[in-house]
Every structure is written in structure tokens, then in C-alpha cells.
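Two complexes follow with chain A in common, the first pairing it with chain B and the second with chain C.
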Partner chain A sequence: MACRTVCQLLQRRLASSAASVRLSAAEERGRRSAVFSREQARQRSLYPRTEKIEVTLQIPGLQGTLLVMNKGLSTPHSCARHLTEWYVTSSALALVDGKPWSLHQPLTQSCSLSLLAFKDTDPLLVNQAYWRSCAALLGQVLQDAFKEDFSVELLRLPEVLVTSGAFCCDVVLDPQLDAWNPSEESLRSLTRGAQQLIHRDLPWEPLEVAPPVALEVFSHSSDTHLRCVFIHVYGTHTHSCLTSYLSLRCGDHVLLSGGPLVARTGLCSQYEVTAIHRLGEGKWGLHRRAQGLSLPLQQQAHHTVWRKLRSRAEKLVEVPTGSTNEAISDTLTPPSAPEQTPPQQ
Partner chain B sequence: MAAWTCRHLLYRGARVLAGRTGAVAAADSCLFQSVRTVKTTTWWEEHLTEDNKSYMRKSLGEEYNRQIAAKLHPLKDEPWPRQEWTKGLVAVKLGMAPVWTKTGERHVVTMLQVQDCHVLNYLSKEEYDGHTAALMVGGKNASPFYKTDEEMEMFRLAGVPPKQKVTTFKVSDNAIIKPGTPLYAAHFRPGQYVDVTAKTIGKGFQGVMKRYGFKGQPASHGQTKTHRRPGASGPGGDPAKVFKGKKMPGMMGNVFDTAHGLKVWRVNTRYNVIYVHGSVPGHKNCLLKVRDTNLPTYVEKNINPPFPTFFCEEDEQLPEDLYDEDLFIHTQPSLTL
Partner chain C sequence: MRLTIQMLISHGRVARKMGLGPESRINMLRNILTGLVRHERIETTRGRADEVRFYAEKLIDYAKKGDTDEKAMKMANFWLTEKDLIPKLFKVLAPRFETQPKAYTRMARIPNRENLDKAAMAVLEYKGNPFPPLQTAKRDNDLTLINQLLKGYREQRAQQAAAKVEA
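After this line comes the complex of A and B, so read on.
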């Protein structure tokens, strides 16, 4: 129900923003970052007095250790800082009461915490989060890489398994670039851009935002992005009507994600953009899938092993489209019957 | 485990402007610049699971076989012309054996086996040293896990498995051979003369008697603590010094040495073995560089061989063993009536 309202709001916003001035990409990013910071500050101000919460650690070797942390301010990262440096550098994800939790997201109540690293016996969650983070990084690199004249629209970051060979990022480039095919040199320059981001070791700051705020962050942009924002991960969740969206900021790029990402970009070490495939004409232009391969800092591969993985990452990764696109088109197009429910504004 | 480290470089920046103002910008006066580097200290199988390890090993073997098989029958559209070239190979020293000539003289020969020898690279005169062209040849397959990425680049370009020994042969300008061509023992024929270069067996720190063959001193008749010593070290008062290069005790062996003018007695094409006269430096199973000889007596004979250079794709079927005309073939009867 709430989703339908939101999507109707979208339609009206689309109509209104069509006539508005289009900002340049850099200004747009700055504006989004400012909205993000404002929301972050507002959420922090919800806890004016420092209240204490009790965090029980579920780490092998430290079972049952009790940490007294600050409510709404302490993150699993700060809990790790109370332990040793190894936990700080090697933790990628946290499990709060069994739920995957970003390492930099504040804890709001007493809970049990366990820190996950890449070398655990069951690294499934961490691996998926890492793959998602690498795809987000790829999206960021692609948005930064092109000149100001060309527009780059991020379609979605499809959820692929680690065993599929490569993480993907669906983009739509400027129509002027329809004939452009990336050469070896351009892939290498994209890799260089990604390596620079990794080198800067930027943290991924998570923030749970309500739908109106999410709309505000991504408004004033072109039609494509507004629609894509909800496709690119929340396509599967449209019917479940989420009350909040997980938004992350890395540097000055803000994006939405379907699950928690790892703590910071510095956790990746070997990172290569392997291919950009053409998917064919879609609703918003020529769809392209950019693929990449990456390994974390603690699990570097020998160059022979890396080459073998890379040759597989160059092949196109098939993503099961499922019901995501159809669900979105249902909710986006206004129903044929006249709206009985008055719009709630 | 990998870790981030900091490499501190001495940075010769702009001159410090301390004279003008009291406060100097930190960037200008900074003499040390920290560059963030990544230190990797890992072996290739550290982060792999057991089945991944066995998969990598198996797939490597299969890839080697595929690469070698691909090179056996090169494509017809070879643009590189086949020319006569000063021959060279990388071989493995197997051991020694006796041979007899038809007149009954006994000689000893060393057996050198050519294992997985491929041409890796051709360097033209300008690229190499400005005087002669060069050909890089590698022998005996090795594991890529213990070679760096830069070393592997040459092997990848040639499309061959990585080699244990890579040598450079100086060749004539027109001796262009396509990288990836396999080389066989049949390149050398009986009757030719070769030079064999290898690293000699290391003897460690040795005294002057073993190292240079000094006579030493007698064992008895009053010698006090002097039996294997060098004795006098030079002329005496006139130079009043010891000349440079004086033979003295030191590290012996483990240096490259060449045996010149060795005759090839026999070539086995099935196992790719060359039988060369006499002894060669190096221990058993060591890798050697086998080259056409430089000695003036035999160079003329080698330039105009009575047979063309051997390339695999020719249809001629060579017999399994090629013997020199003077050599007594031990499988045949010694007396013929």
C-alpha cells in the first residue's frame, strides 16, 4: 500500500521535475551528499542524551564478553576497537542478533554481536556482502570515469552469486556512446580508477532512510535514475512494502543497496574491471553490463590463479531477471481504472 | 597474510622557504614522502581449498600438453621464413657411457637429452646489442607458481609453458625463427662439433692444490705444518708486492664453464638424446647450453653441413638412431664376412 503511494508520488514528481533545471553530475552528487549528511545528523540527534546499551559478543574465544556501549552512536566497528587491531582490520561484516549488519551502522539496542571475517569457516554472508560492495564500487567508478558531456545512468546492481564468476553492474550510457566498445586500454583505465578508490580506503557509511528522504535524495535527476533507483535492488521487495531503505555513501557518491556492504574500500586488494558487454536495447537505451573481479586483502591470489579467474570473469554472466522488472512496471504505470483512493500527500 | 605498509621515500622537494616567513608549508619542507605499498608474503596455495589446489595442478598439466601439441603442427600461414641458423639448444646432462670406433679405440661420451626445448623470442640486431641478432631459447618445463608475472610474460607471448632455463644465442641476422617453435636433438647431426656451457659443480672454499693444481710440500722430512700451502707468493723485493690475480685459495666451482669442440657421435631421435665426446661441466640432470662450436678448425665444417636444418613439420622420417661414420654400432655384428 505504501509502495503504491510512493510510486504515485514518483509519477507526479516526474511530471514536475521534467521542466526543472538539470544539474551537472558533480553538483548532483554534492547535493545528494548534503541531503545524506543532513539525514545522518538528524538521526544522530534523535539520541541527545548518552544512553548505555549492553552488547554481548559471540566471537569464538570471546564468548559472552559484555561490552557497554552508547546507544545510537556505537557501531560494531567501535566494539571491535575495544578488542584488538586484528578485529578492526579483518572484520568485514557484523551479525547483530543473527541479522547481517553494516560495520559502521549504529547499534540502537542491547544485542548480541559477532564479527565476521573472510577467513571464517562459513563465509557465505561475507562473500555476498563483498560481491555487493565490489559491484557498488564498479558503479561508482563508471559514474566517475566518463567526461561531463556523457551521461551515465546506473540501472541496477544485480544480486549475483560469488560462484557465477564476476560481479555485475548494469548501466545505460549516453546515446552518443552507442557505437563505443571498450578496448583493453579503457578497461585498464577503469581498473586504475577503482584502484585509486581502494587506495583511499573510504568507508561505506550506511543509513536507514525512510521513502520520502530517499526520494529527496534522488529527485532532480533524470527520469531514468528515478525509476532505476527502485529497480536496482528493491525490485524484488516492492510487494513487501519496506518502510526503510538502506542507503550508503562512499566518498561523495550515494547509492541504495539491497543488503549490507563491507566496512570500507580498503578491504579489496586485487580488483579488475574485466568486460563491458552489450545486453541489447532496453527501455532506457542500450543496456550494458559491466563485469569485474576482485579478491579481498586477506585472500590474495597468485598471478596464475588470478589469470584463470579473470578469464572466466570476462564471459557474460547471466542474471536471472525473474519477476523484478514486471513487478516494477505494474506499480509504475498508473492503473487504468480511475484512482479511487485519494492521493495522500 | 597481506598487509598495508608504508614506504618512506627521500623526497627532494622544493627548497624550504623558511627565510621569508616563520611558518613553512608542511608539503614544501617535507623531506620524506610516504607511499602506501602492499606487501604480499604468500605462497600460491595459501588461500586455496584442497580441491582447488588439485584442480590448479591438473589444469596446468593439461594446459602444458595443449600448448606443446599446438606448437607441434604450426599453421600453414607461418609468415616467418625458415633460414639456416647457428644451432643452439638447451639440454639436460644424463650421464656418461663408453663408445668404440670401428678401429677399436674406446672413447667416453656424455648423453645430453633435449627436454621441452622451445624458441621463446627473437631479438633483432637493434634490440639486442647493435651487432648481432639473438634468439632466446628455453628448456625443461617448470611451474608458473614460482615465477613472477614479468618472467611469465615472455612465455605467455610465445604460447609455451614456463621454462627452467632461458638462454640467449647469438645468431645471424637472417636466422629468424618463430617464437614457440619446438627444437629437437635432431638439429645436431653426428659429425658436427659443439660447445657445451654449464655451471660447474660447486666445491665450496677450496685450497690451492685442488683449485689450481699446485704441488704443495712433501708429507714428511721435516716439514712443519706445511703440506698443502701455496708457498711463495711472488718474485720478491723488486716489485715488493703480490700481483693482482695471484692464485690463492677461494670459492671453487659453481661458475659457468664451456667445453669446446666436442664431437657429436650419435643422436637418438626417439628420446632426443645427443651423445657428445668426452665430459661436460655440471652435475647429472643439470641444464646445459649446447651451441655450434666457435673453434676455427670446425666452424667451416659446420657452416656447410651436408644436410639441411631439421624442422619437425617436414615429412622425412628420420631413423631412430643416427650414428657417426666412425662409430661402431654395438647392436650390429662386429665381424662381417
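After this line comes the complex of A and C, so read on.
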């Protein structure tokens, strides 16, 4: 249902995109950040009076500890601050009532909380979240790297398994850069940009936004951006019409994600952009896949091991596409064509 | 030979000196090894435990040859000062380690001795002993990020090696 309204909004916007002035990339980012802040403030104002909730901790050694926190304001990060500094620095993700939850997302009801770190007995969720965060960081670095004259469009952050060796980010660069191939120097300067972001230790602020707000955040006079947004989302969720999207802000970049990311950029320690491969001509120009390799602060590798993993990360990582292409064509065909019935909600 | 200062500096020398001389060292190790075979878990100083490890494992290798073997029986007779342990060696310890090729012992470091000498201590045991397990240094679990990346790397190398063999 929500999917159909969103698709209809999309058609209307595509039809009327004729004579709008195109904002520069920096201004666009500022605008998105402003909309994000506005939505964040609005969601916070839903709880005018501080109500208390009870959070039970499910941490080994602290089973059953009860914390009394504020509703709509306290995050798992603030719960960790009530414990020791080790929990604050080492927790990457939280599990609220069994569901993965970003560390900086406010808690809305009494629940059970457990904090996940990289060295747990079962760090699968944390590993996936970390891989997603590194890919998001790569997307941000690529958007910042080029000059204002060249457009960089983030296509999607595909969900890749950790064992494949590298995280990927699909982008489409400006047509003027079609002949450009990244040299080692340019990869190194991209790595340096990523290291600067890591050094600044920016938190990834999560926000659950409804589809109209998501559309407003990402609305832009250029058609390709809108398409990119929905590839971004449909690229990570197959055939599911969501009632809310998870949007995250890091610094002044806002992006949509398929799952929770880790708490801050400072959790990464070794980070390198390893390669940018050409995927061939696609619907929006020359598709490229940027790949990188990263390890967190608690799991640093010796330089010999790092070198071996890095040489593996330079090779192209195959990502299963399949359902994402069908979803894209569904959103972009005109309403008269037979529509797929969305799943019952 | 020249009596140089280099003779007094022991850089790079791996052979340990124990007791009064080489013969005394062998006798000490023999006593410790007998204690190890009798009790299967003993506590000594770190240097001695490390020295005995080599001999303990070699003794098991000899014991695996069987008690009919001349050389094996002579070795067991020399190294075990308490002769009632010779049947235990051949009938209990050798069959226990039949499937393992090496690594029959485990050494774990423990806090220093309380005496005035504050000696660095270690516990040496034969694996498969009936006591509760010792706590040795824990390896990182296989599902951590770096171990998963290394697993993928190893699998890819194995695939490439297999492809080369086929071609």
C-alpha cells in the first residue's frame, strides 16, 4: 500500500521535473541534513514529558540488571555509559528484544537489551553491520572525493558476505570520467579521505523515516537521484514494501540503509580502498564497483596478514543481483502497465 | 682456547644449563619426567617444564614402538627411575596417543612461586589426563571478522590450487 503511494508520487515527480534549478552537491547535502534534523527533532518532540522505561540487561555477568531510562531519549549507548567505559568503547551493536538495533537509536518501550562486540561467541550480526558501515563510509568518501563539476551518484550498497573478502559500493560517475581509471595514487588518496573520516570519529545517527519523508530527503530535480534512492533501498530489501526506512546520517551525509550500522566511524582502524572496477554500461551510465577492506579496532591484523587479505580484496567481488532488477522496473513502469500486487501487510 | 668476553655473553645460545653440569641436568630431567609419568600433571619452574617437554614427547614416541622393541625398553628403563611406571607407559600412555602424531603434552604458565625466589612456574601435563581442564590462552573464536576473512582467503587459495591441479 505504502509502496503504491510512493510509486505514484515518484511518477508525478518524474513528470514535473522539467525546469528546476539543480543545486550543487554541497548545498544538496546541506538540505538533506536539514530535513533529517527536522525529522529528528519532530520525532523527539513526540515525547514532551520524560516517561520512564525499564531496560533489563542481558549481558554475561550482568544478567537481569534493571536500568531505568527515559522513553524516546535514551539509547543503548546511554545504557552502556551506566556500565563501564569498556562497554562504551567496545560495543558495536545492540540487540533489543532479539532485534538488531543501532547503538544511537532511542528506545521507545521497556525491553531487554544486550550489547554486542566483535569478540563475542556469535558476532555474525556485528560483522554484517560492520561490513555495511564500511560500505557506507566508502560511498561517503567517493561522494566527497570528486570536484563539484563531476557528479557522483551512489547506486547501492550491496549486501555482501564477509567471507567474500571485500565490501562494495556501486556508483555511477560523471560521463566526463568514463575514460578515467583509478591509479594507485588515487586509491591511496581515497584511503586517506576515509582515514580522515575515521579519525573524526563521527557517530552514525539512525532515524526511522516514513516513505514521504524519505522521498523529501532524497528529492532532487534530477531524475537519476530518485531512481538511485529506490535502487538503494530495493537493492537491499527484496520485494518488501516497508512502512519505514532506516536512514542514517554521518557528518552531513544522509543515506538509506538495509540494516543497522555500527555506532561510530572510530570503530574502524585499518581501512583501505582497494579497487574500482568497471561493471559495464547500465541504465544510468557506466556502472563502477568500488571495493575496500577494513578491520575494527579490536581485531587489527599484522601487516603480513593484511597484505594477503588486501591482495584478495582487489579482485572483483560478484554480488547476486536477481530480484533487485525486477523491483526497479516495477517502480519505473507507468501505472497503466499491469502492476505486481504488493504483499499483504 | 681464547678466554674472550664473548664467551661469557650468551646471545643466541639455546641450550639451557641446569644443575651442576650436563649429567646433573639429565638426572634432574629424569626425575621430573618420572614424576610426570606417575602423576600426569606436575608443577615445576618454567625452564624445567620447557626442557622436559621435549623428552616427554620423545618418550611417548619410543613407547609407541611397543614393549617388545629392544630400544624402546632400554629408553623406558633409563628414563623412568621408578620401575613400576614402565608398564604404565607402554600399556596406558602409548595407546592413549595412538591416533595423535605429536603434541602429547600441554604447558600452562602460572603465577610465580610464593617463596623468596619468586620463580616463574608452569604446569606440565599429558593430554587426556583425568583431571579438570587447565585454562590455557584462548584463541579467538572462528566466527570473528578477521577469522572469517582468513577463512574466505584460505578457501579461495584451495580452489585456485585445485583448479591448477586439474589444468
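Convention: the second predicted complex is superposed on the first by the 326 of 345 C-alpha atoms of A that agree within 3 Å, B and C clash if a C-alpha of one lies under 4 Å from a C-alpha of the other, contacts with A are read in each partner's own complex, and residues count from 1 in each chain.
One rule holds for everything that comes next: contacts are C-beta pairs under 8 Å (C-beta built on N, C-alpha and C of every residue); 3 or more make two chains touch, one makes a residue touch a chain.
Since the model is a prediction, treat every value here as computed from it, not as a measurement.
Trainee: Applying the document's definition of touch, where does A:301 land relative to chain B and chain C: first, second, both, or neither?
Mentor: both
Trainee: Applying the touch criterion given at the start, work out whether A:309 contacts chain B, chain C, both or neither, answering first, second, both or neither.
Mentor: A:309 contacts chain C only, not chain B.
Trainee: For A:163 in the superposed arrangement: first (chain B), second (chain C), both or neither?
Mentor: second
Trainee: Using the touch criterion from the header, give the chain among chain B and chain C with more contacted residues in chain A.
Mentor: C
Trainee: Examine A:145 and indicate which partner it touches, taking first as chain B and second as chain C; both and neither are also allowed.
Mentor: neither
Trainee: Between chain B (first) and chain C (second), which does A:125 come into contact with in this model arrangement: first, second, both, or neither?
Mentor: neither
Trainee: Show me the chain A residues, by the header's touch rule, that chain B contacts in one structure and chain C contacts in the other.
Mentor: Looking at chain A, the two contact sets intersect at 299, 301, 305, 308.
Trainee: Can you tell me which positions in chain A touch chain C when the two form their complex?
Mentor: 118-124, 126-127, 130, 162-165, 293, 295-296, 299, 301, 305, 308-309, 312
Trainee: Under the definition above, what is the set of chain C residues touching chain A in their complex?
Mentor: 140-141, 143-146, 148-153, 155-156
Trainee: For the complex, give me every residue of chain B touching chain A.
Mentor: So the residues of chain B in touch with chain A come to 1-2, 4, 36, 38, 40, 42-44, 47-48, 56, 59-60, 144-145, 148-149, 152.
Trainee: Enumerate the contact residues on chain A facing chain B in the complex.
Mentor: Touching chain B: residues 199, 266, 269, 297-305, 308 of chain A.
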